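First comes the structure, then the notes that go with it.
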């Protein structure tokens, strides 16, 4: 009886200490959504830019491009640019690549940085591809995007291109609908 | 229905847990010396993976996440898995001696198996749902299916491995390669074969 | 001081967890596509190893035998969660790269294995150093493998381009099949060298 009491006490003690420690640390080290967005902004802009408005992504119907990708979030920044978090499909092993696309108010791609990906293996090869999307705009046809390929990583290039293309389609549709401009 | 078929293909072949996602390598290398034990291990892993998803997915989505306790996920999951494995073992011992003889001995090894904790982590991860074209979180049915077919994929790989390994190790070969190196070299070829599946576009 | 030397040679060479004991194979195969991710995983595991070994050694007389495995796992899981929180806050790039393998450090056979076979029996300082050297052995093996795979598959090391991958690269090494292959060759080679060293030592000892 004494043994099992000791066992339970020790176990409970460890659980409580660990739980308390983690609770404190998770509070101290908490990363808010705002912080995540600021990190993305920091990756793209060297100057001080901040978030002005968050766009409701459901306000734009982009189902026609659903097989190419989806928009996960869209923000308007205080310098007039759109910051789109776009997920491109049709990557390697049916995976996806998600990128942050900075689009100027006149719908030209300023910069693309990678956010995350699923299922891709040769992402190191893709590091140069993102510069090839700069200056593509809302009237650039899809064929042009299909030509942006890194040899040996065709599928991944496809997903990356899709994410940028869908981002442009979204902002285009948003401004046509009379969104902020 | 389409989603389940997609999950079946993805978890079993395209994103095979062993040769593509590198989960469950330890038993894959350790228990593949003969086909009988390979099948036993494969079935045990599938069993545990399915039940794990069934339990951990609701615990995360209904209890941990809504209450801001997501940081406890690692601890809670590993405890749940350890408890589950204990329960499954006792249950089998009592109610199905035949099944226990077939796979019971492998159960304790599965507690610290990357594949089991791995699948629990994967089904709550947004990336997995994204790759399958599912908006939002995966849902209980999809998660359990993913766990099940992930285990099936493990079973397929380990049986292929044991079949080849049995044949190769019958005859003597360079002793420097015996043990892990030869197993890894066989795995190389299996991985190359499974690479073909990643070309499938759905 | 003799202790430290023995622990070092043990963890780094003779009982190298990756190449001799072949433990912790999952992150070894998955994260060695680049030297950076190998290094990151290695450091994370080393940190958890040192901390968990030290704490478990401190508590070895308090934890009853019957619940030692669950208790060890709980302690290890706590440190892994700490690493997760810290990386998410301060090194998000590494956090992304490690992905699902970060929580999987909990079930990394190396950590539980050392806790069970070493830390639960030896004094605190020894355990901490054992954790350090095992972790370093793991890190060095992983970084070696990562460098080879990154160099041959992508022409770069730690992201710095050494040569143009479009001119020369063997994509095989960046793939999953290449992971198994590289690992197999490294184990065979390392074991060969170590057995030769041990034979030489035995010969010298016999004289």
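Think of it as A, B and C in the order they're written, each chain with its own count starting at 1.
Keep in mind that, in the parts below, a contact is a pair of C-beta atoms (placed from the backbone, for glycine too) under 8 Å apart; a residue touches a chain by one contact, two chains touch by 3 or more.
In this text the structure is predicted, and so the values were computed from the model without any measurement.
Minimum number of contact steps separating chain B from chain C: 1.
Chains joined by the most contact pairs: B-C.
Taking the mean of the C-alpha atoms as each chain's centre, chain B and chain C sit 22 Å apart. Averaging C-alpha coordinates per chain places the centre of chain A 29 Å away from that of chain B.
The geometric centre of chain A is 31 Å away from that of chain C, both derived from CA atoms.
For chain C, residues touching at least two other chains, in rising order: 70, 74, 77-78, 81, 85, 175-176. Annotation for chain A: residues 18, 22, 25-26, 116 touch two or more other chains. Looking at chain B, residues 20, 71-72, 75, 127 sit in touch with two or more other chains.
Put simply, chain A touches chain C in their complex at residues 3, 6-7, 10-11, 14-15, 18, 21-22, 25-26, 29-31, 39, 116, 121-122, 124-125, 151-152.
Looking at the complex, you find that chain C touches chain B at residues 22-23, 25-27, 29-30, 69-70, 73-74, 77-78, 80-81, 84-85, 99-100, 103-104, 106-107, 109, 112, 175-181, 183-185, 187-188, 191-192. Interface residues of chain B facing chain A in the complex, by the touch rule stated above, are 10, 14-15, 20, 71-72, 75, 127-128, 130-131, 133, 135, 197-198, 200-202.
Across the complex, chain C meets chain A through its residues 33-34, 62-64, 66-67, 70-71, 74-75, 77-78, 81-82, 85-86, 88-89, 92, 96, 150, 153-154, 156, 159, 165-166, 169, 171, 174-176. Only residues 18-19, 22-23, 25-26, 70, 87, 89-90, 92-96, 98, 116-119 of chain A touch chain B when the two sit together in their complex.
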